[in-house]
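Across the two complexes that follow, chain A remains constant while its partner is chain B and subsequently chain C.
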Partner chain A sequence: MGSNMAENHPVGFQWVMEARERGAKVIHVDPRFTRTSAMATKWVGIRPGSDIAFLGGVVNYILQNELYFREYVEHYTNAPVIIDEAYVDTEDADGLFSGWDPEQGQYDVTTWSYEGMETHGAAGQREEGYSPKGEQSGHGGHGGGLKHGEPPSEDPELTHPRCVFQILKRHYQRYTPEFVAETCGVSVEDFAYVCEALVQNSGRERTSAFCYAVGWTQHTVGVQYIRTAAIIQQLLGNMGRPGGGIMALRGHASIQGSTDIPTLYNILPGYLPMPHTENYGSFDNFVQANVAPTGWWGNFEEYWVSLMCAYFGPEASSENDWLFDHLPRIDDDNSVYWTLEQMLDGKVRGYIVAGENPAVGNANGKAHRLAFANLDWMVVRDVVEIESASWWYDSPEIESGELKTEEIPTEIFFMPAATHTEKDGSFTNTQRLLQWHWQAVEPKQDCRSELWFYFHLGRMIKSKLKDSQEPRDLLINKLHWDYPTHSAIREPSAETILKEIGGYEVESGEPLPGYKKLKSDGSTACGCWIYAGCYQNGINQPARKKPHWEQDTHVAPEWAWAWPANRRIIYNRASADPEGNPWSERKKYVYWNGEQETWEGIDTPDFDETKPPDYVPPDDAKGPDAIAGDHPFIMQSDGRSWLYVPQGLEDGPLPTHYEPQESPFDNPLYSQRANPRRQQHKDADWDPYNPIEGEPGFELFPHVLTTYRLTEHHTAGGMTRSIPYLAELQPAFFCEVSPELAEEAGLENGGWATVYTSRSAVEARVLVTRRMKPQTVRGRVTHTVGLPYHWGQRLLTAGDTANDLLHAALDPNVHIMETKAQTCGIRAGRRPRGKALTEFVESLRAQTEKTRPEPEETRKT
Partner chain B sequence: MTFPESTVAKDRYAMGLADLLEHWPVVRQLRDGDPLGLGPAVQSQRSKTLTPRIDEAEHVVQSICPYCAVGCGQLVYVKDGEITHIEGDPASPVSRGRLCPKGQASRSYAQSPLREYKVKYRRPYGTQWEELSLDDAMEMIAQRIIDTRAANWQDKTDDGKPANRTMAIGNLGGATLDNEENYLIKKLMTGLGIVQVENQARI
Partner chain C sequence: MTSIMEPSGVPAGYEAWGDDQHARVGFFTDTSVCIGCKACEVACKEWNLIPADGQDFLAQSYDNTGELNSETWRHVAFIEQEKPLRADDGAVGLRWLMESDVCKHCTHAACLDVCPTGSLFRTEFGTVVVQEDICNGCGYCVPACPFGVIDKRDMKSTANMGHQPDLPSFLGKKEDGRVWKCTLCYDRLKGGHEPACAKACPTKSIQFGPLDELRERADQRLEKLQDEGWNGAQLYLRDPDDGIGGAGAFFLLLDDPEVYGLPPDPVVTTAFLGQMWTNMAAAAAALAVGVVGGFVFGGRK
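Now for the complex of A and B:
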């Protein structure tokens, strides 16, 4: 679901095909009939934006028919845990959870807690009123009241009305097959097929997996999409077991790596939080705010101090709190769309873009291009001159006259980049595998790797500031920035940096074998604790390339290296039953060897190797020692997987069906239409939203709009629209519509269509296809318009940019925009050009804005 | 590789009848048990002399496809300092030698006719790109960062909380880059107090 694996991850899909050949059922639930659907055993066409309704229906089916994996649910999940009596579910509050603050537009999560627990693990040591949010909420801060790792109140019978299991049951009881059919535009029979297939293929002997991609993440309630699948997989016992799990099919070579070793505002390597502007008072308080009393996040300080030692070398010490007071602080949201707003306001003066094409790839492309014209300077690093480098003389805004080249003050540096074949380095793929690529040839002329660029940039800045006594320059002057270089261009050694990432003993410089060796006394340095050991024994582990035919098992542990500790399936203790025996011979993976008193199997066990299954932590146990022998989910403070999330999410402990920001329908469940916590740019004129039903101009945008990728192109096209073969294979921007919509709108196959929203209008070649199926939702036929989003103004194949149509309302947990379900209008013919384009969009907006009323009392938007 | 026309003609002229028949594919098809002409019978004089371009490679390095996150193995063949061929690495348990159309075209990604090899500079209010040396560009960028940072530094937030940062500079991109590159970017930006560091994980 939420993925077109056959077209977007074709080589990964070979394994799905092989499984199908061996009898596996492959089900594709997706708005479009794609090549994935064609290869599947079953395709179910679903309305974009309705996946939680569908998956919630599966949860309800499992619970009502008592088809869950009882032993797994009881021991490995938080189903038995009793929740605070102040908790109020959406079912009892018309679409809102308890704690909603309408003024702030956010939740106070106190009432979502386990009964008898402090909500914040170490609240007393924090600044008054500081409530960490989302990914900033601290790791397992919820562990405060856990005694020897166990929640205070539980009901193993799962019958207490306030236990998670019963709350779950009530929360989803209205997600009946008929509700799913009505809401998602599917048949009751197709829905039943999916439910039965999942249940029949789960249990001791069998496992089922979910594969998803950004078709799930890119929604204003995207995190909760994935959460709903996680609930199903927990109920069916499909986590931590071979053939199970939830597979995120990510779209960039190292998008996993760039999250683990983040180029993200809110985290440091290994998912350590960036310090917040909230005043912690002291380093100790910061640690207390983040350390979990129980579980592996109990070692927070070891990970933190080792990172600071990697960053600052001998300059960081316990005497100066590892330089904590000098670290930069973040606000709740400093993500890319926040930066965009600041840029539009003129507050951002300089911008470096490296290997990304936001003018094409980000929602609301026009806003990005207009924002660039507010910068003093901009650096763009890429292999070809992408639209993010040429916007100042070649863009829709230049054509419309909204930007005039000679009036743009921005100084621009285009820096040619090196390709993967011109540098050493590692990518982390979508299954957490670090794979090394060796340099094949030298980069030519001015082409340089990012390693070269950032290393020498840092070296030059440090050199210029080395005598500065300004407090602001203290941290950069203390930054450990000493890497050996090689070759004529003085390329830094990628392997030396990998060694720093993998960790070493400060005194001897010896690489560390793994994260268990990290210390909080400054004797170890480690650039990313979850990658600790990736250079163990002085060997570049990601560069191990032992062919799969020379390895003993299909797990192939000697090909590259997976974080953490070369584990290929995390939480794999769950592949054995509470006593430590395999759930079945067929699904044997990691298990307890009673004679040797050790965990073993074909993968690295994800558990203390010698902790027996019957281990019960003493009352004073801390950190990993406080996790019982039959609790596999060791990163969680209670060692269990969470059906219900008491802390860490912004928009509720349980997933709930909400309509997208823009949708042709009201919410069938509640008067609360969309996710109340979603992030909107309501007061900004750069991100107007199409009206919803009942608002003026609603009829202008009657169709659902969704975007996606093609096999022959990659994301914003910078790496593929420059290739002759690929430009020839997919030569033009197009829109996909059903024959019914084509007839209704007068569209001809191969002709032109103009697709429009409140943001912009684009033109595309029309592809009329039965693969786009009109859906009947609550008695009304809805059409979906599909747009691939690879095109931009330039390169070998040029076309309008689908992202120009899209608004940037965001998921509140991860600040990801909703590209997969918006609304649009469509008409035959090419779009207006130049100034007429701006006028056309303005006229649309005028029709929607003239008398937009306050939301009615009976419906909350 | 071309087979000079004149040589072909001369050879034919010198052939006897048996040789001539040998050159007629139908004879070879019938004689060699390849009646449909799908096997070696169809080989021509020219194709006999062809060799795979990988045979001429001076060395081959193991690489990883730069596109999606499946992480297929690649073999990169090099001759005279140029890539001559990229194909799937059969040793990879992830991909078993297979590549998708993008991965197969990745030699053309490195050798695109649109590839830029020189720094390009656009001065404020300028109407065209200008040339600039790499050294000068690096020097200017370093100075821009220092100046912008100094002019827009926040020791504290408006309500007096610690900030230690500049909100006037951002850095975007990382998902197409190596782990080691991402590591240096975040490390440097943190050292500089630049917190608006983002990548494609949010798109």
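Now for the complex of A and C:
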């Protein structure tokens, strides 16, 4: 669900095909019948934006029919934990959890906590005066304020009315098969098929896996979509076991790597939190705010100090608090759309775009292009001159006259980039596997690798600032920036950087075997603690390419290297029962060897190797020692997986069905229509929302709009629309519509259609197909218009940009836009051009009377 | 001794390789696992330096390639049907067939039979290849092919598209008019590699290997699919007794060949040559009789 794996991850999909050939059922639940559906045993066509209703229905089916994996649920999840008396569920408050602050539009999460548990926020936020609401997602909300690993109140019988299990049962009791059918536009039979298939294929002998991608994340309740699947997998005992899990299929070759060693504003490598602007007083206070009293994050300081030693070498020491006082800080949300808003307000001077094409790839493309014109300077690094580099002379806004080249003050620097075949480096794939790739040819002319660009940029900046006494330049001056280079262009050595990431002993320079050797005294340096050991024994571990057929087990540990500790399945202690024995011979993976008193198996055990299954932590235990021997989820403060999330999420401890920001329907469950915590750009006029039912102009946008990728192109198209062999395979921007919608709107296969929203209108060639199915939702027929989003103004195949149609209301946890379920109108023929386009969109907005309605939630609460 | 008149199951010209002869190789394209990614199309074009074919939106499902021709040696067909994939799941009623088509490398290859220059030849691997430095562009092979595979390259479309600036000028600039088709990557085979399309296929839909093994594998595969109740599963061009003596590149289809735009019962066009000559002789004779008769009877008037 939420992914089109065959089209967007065709190489990984070979394993799904192999599983199918071996008898596995492959089920595809998706609004469109895609190439994945064509390969599946079963396709269930679901209305875009209704996945929580569907998955919540599965949860209800499992609970009502008592089909959960009792032993797993009782020991490995937080099902028995009793929740604070003050907690109020959405079912009892018409769609709001307790703690809602209508003024701030945020939750105070205090009442969501475990009973008798002192609450503190996620990492970096326990400092004095911090109120536990707002930015919860620091790095996954890993810490609960537990004195030791066991929650204070539990009911192993799972019958206490306030235990998580019973709360869960009540929360989903209205998600009946009939509710699912009505809300999602699926049949009761198809829904039953999915439920039964999942249950039959889970338990001691069998496991099921979910695969998702941005079809789940890109919603205003995206994180909660994934959470619902997590609840199912916990109830069925499918986590930490071979063949189980939830596979996050990531879009780019190394997008996993770019969160591990992040391009994100709020984390540092290894999911360490970026310091906030609050005054911590001292480094010790910062550590205290972040170190988890119990669980693996008890080692926070070791990881932090080792990172600082990698950054600053001998310049960082315990005397100067590892330069903590000089580190940059973030204040609150500094994400992409927040930055866009600041840019539109003229508060951002420079912008560096690398590996991204926001003018095409981000929701509300027009806002991005207009914002660029407010910059002083802009740097774009890409393999071709993409739309984000050419907008100043070639864009819809130039065509419409909204931007005039001669009036744009922005200075644009286009820096040609080397491709992956022109540089050494590693990709971290979706299953956390680091795979090395080697340079095949030298980059041509001025094309350079990222490594080259940032290394030499840093070197030049350092050289310019070397005599500066300004406090703001101190950190740059102290930066350890010494990497060997080779070749005529002085390319830095990628392997040297891998070694730094993998960690080394400072004195000897010897690579470290793993993160357990990291110290907080400055004797170790490590660029990313979860990657520690990737250069152990001086060997480039990701470069190992021994095929599985030459290895002893199907786990194939000598193919490349997986973080952490070359572990292929994390939390794999859960593959054994509480006593440490395999759940079954068929699913034997990691287990306790009583004679040797050690954990062993075909993978690296994800547990203290010598901690026996019957270990009970003493009252004063800290860190990992506070986790009991039968609690596999060691990153959590209580060692259990969380069915119910007491802290760490912005929008609730349990996933609840909300309608998207724009939807043809109201919420069948609550008068609270959409996620109350979603982020809207309320005070700006650049992001108007289509009216919802009952608002003027609702009928202008009757259809559901969803966007997606095709196999033939890659994201915003820079790498594929520029290649003739790929451009010819999908040579035009098109929309997919059902024969019914085609007839209704007078569209002809192969002809042109104009698709429009309150943001813009685009034209697309028409592909009429039975694969788009009208759905009957609550007695009403609803049509979905599908748009691939690869196209922009330039390159070999050019076309209108689907993202120009989209609004940028966001998920509150990760600030991602809702590209998968919006509303639109469609009509035959090409769009108005130039100024007429702007006028057309303005006329639509005029018909909606109020173009930016007050959020209905605020009015209601 | 093989003859184009008497199809015998052995490709003409293959035995002449003597000690240099390799096991006959080919493709088994199993459409039941094709995910329609078109990696075969791209890999083929990249390896064989085939020019891009122009950008036409065809509005035929996800097929914007259209057909096999001089610039397309692998073509993935997309067929949307309101039919269940398997006979027992009638509720779905929707399936999307994908098939990667290619030159069949016929056992009895009419293109090769009619080539007057010897440009088309049977390789030591039993495949049929055009030698681009010999082809004179006469085009006899084009109508001879029962599948419409072999095709003359337009003069204008050989212009370098600019995507390969390092291409030697003779490759980018030489004017054409010659015929082109799949070589089963003859150059790769000589180097001990599998063809580019098979190498790139992520799901083993395109399988390369000795033809005997492929046929055996295909028979097992068909049996499995039929046991599982797949709708319309059938082998196409696997049979050495068919009109082209069986193909070097054969297929497992999920519907009748016509559905994929393939001829249901192809026959090597040159099989009728003898008959054609006989007929022509008879016609010539009749004509001669007529002409002579005309004079004779005309003379009487």
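Operating definition for what follows: the second predicted complex is superposed on the first by the 824 of 861 C-alpha atoms of A that agree within 3 Å, B and C clash if a C-alpha of one lies under 4 Å from a C-alpha of the other, contacts with A are read in each partner's own complex, and residues count from 1 in each chain.
The rule we apply is simple: contacts are C-beta pairs under 8 Å (C-beta built on N, C-alpha and C of every residue); 3 or more make two chains touch, one makes a residue touch a chain.
All values reported here derive from a predicted model rather than from experimental measurement.
Trainee: Applying the document's definition of touch, where does A:Phe33 land relative to chain B and chain C: first, second, both, or neither?
Mentor: In the superposition, A:Phe33 touches chain C alone.
Trainee: Which partner does A:Val11 reach: the first (chain B), the second (chain C), both, or neither?
Mentor: A:Val11 sits against chain B and chain C alike.
Trainee: Is A:Phe734 in contact with chain B, with chain C, with both, or with neither (first, second, both, neither)?
Mentor: The second partner, chain C, only.
Trainee: Would you check which partner chain A:Leu767 touches, where first means chain B only, second means chain C only, and both and neither mean what they say?
Mentor: So A:Leu767 only meets chain C here.
Trainee: Quick one: name whichever of chain B and chain C touches more residues of chain A.
Mentor: Comparing chain B with chain C, the partner touching more chain A residues is B.
Trainee: Tell me the contact category for A:Met415 with respect to chain B and chain C: first, second, both or neither.
Mentor: Touch partner of A:Met415: chain B, not chain C.
Trainee: Using the superposition on chain A described above, determine whether A:Leu796 touches chain B (first), chain C (second), both, or neither.
Mentor: Touch partners of A:Leu796: chain B and chain C.
Trainee: Using the superposition on A, tell me which residues of chain A are in contact with chain B and, in the other complex, with chain C.
Mentor: On chain A, the residues that contact chain B in one structure and chain C in the other are 10-11, 14, 711-712, 723-726, 729, 796.
Trainee: Would you pull the chain B residues touching chain A in the complex into a rising list?
Mentor: 61-74, 76, 78, 81-83, 86, 89-96, 98-103, 105-106, 108-110, 112-125, 127-129, 132, 134, 137-146, 148-153, 155, 157, 161-165, 167-188, 190-203
Trainee: Looking at the complex, which residues from chain A come into contact with chain C?
Mentor: Result: residues 6-7, 10-11, 13-14, 17, 21, 33, 35, 37-39, 42-43, 189-190, 710-712, 723-732, 734, 749-750, 765-771, 796-797 of chain A touch chain C.
Trainee: Would you mind writing out the residues of chain C in touch with chain A in their complex?
Mentor: 33, 35-39, 41-42, 45-46, 52-59, 61-62, 64-65, 80, 82, 89, 91-92, 94-98, 161-163, 202-204
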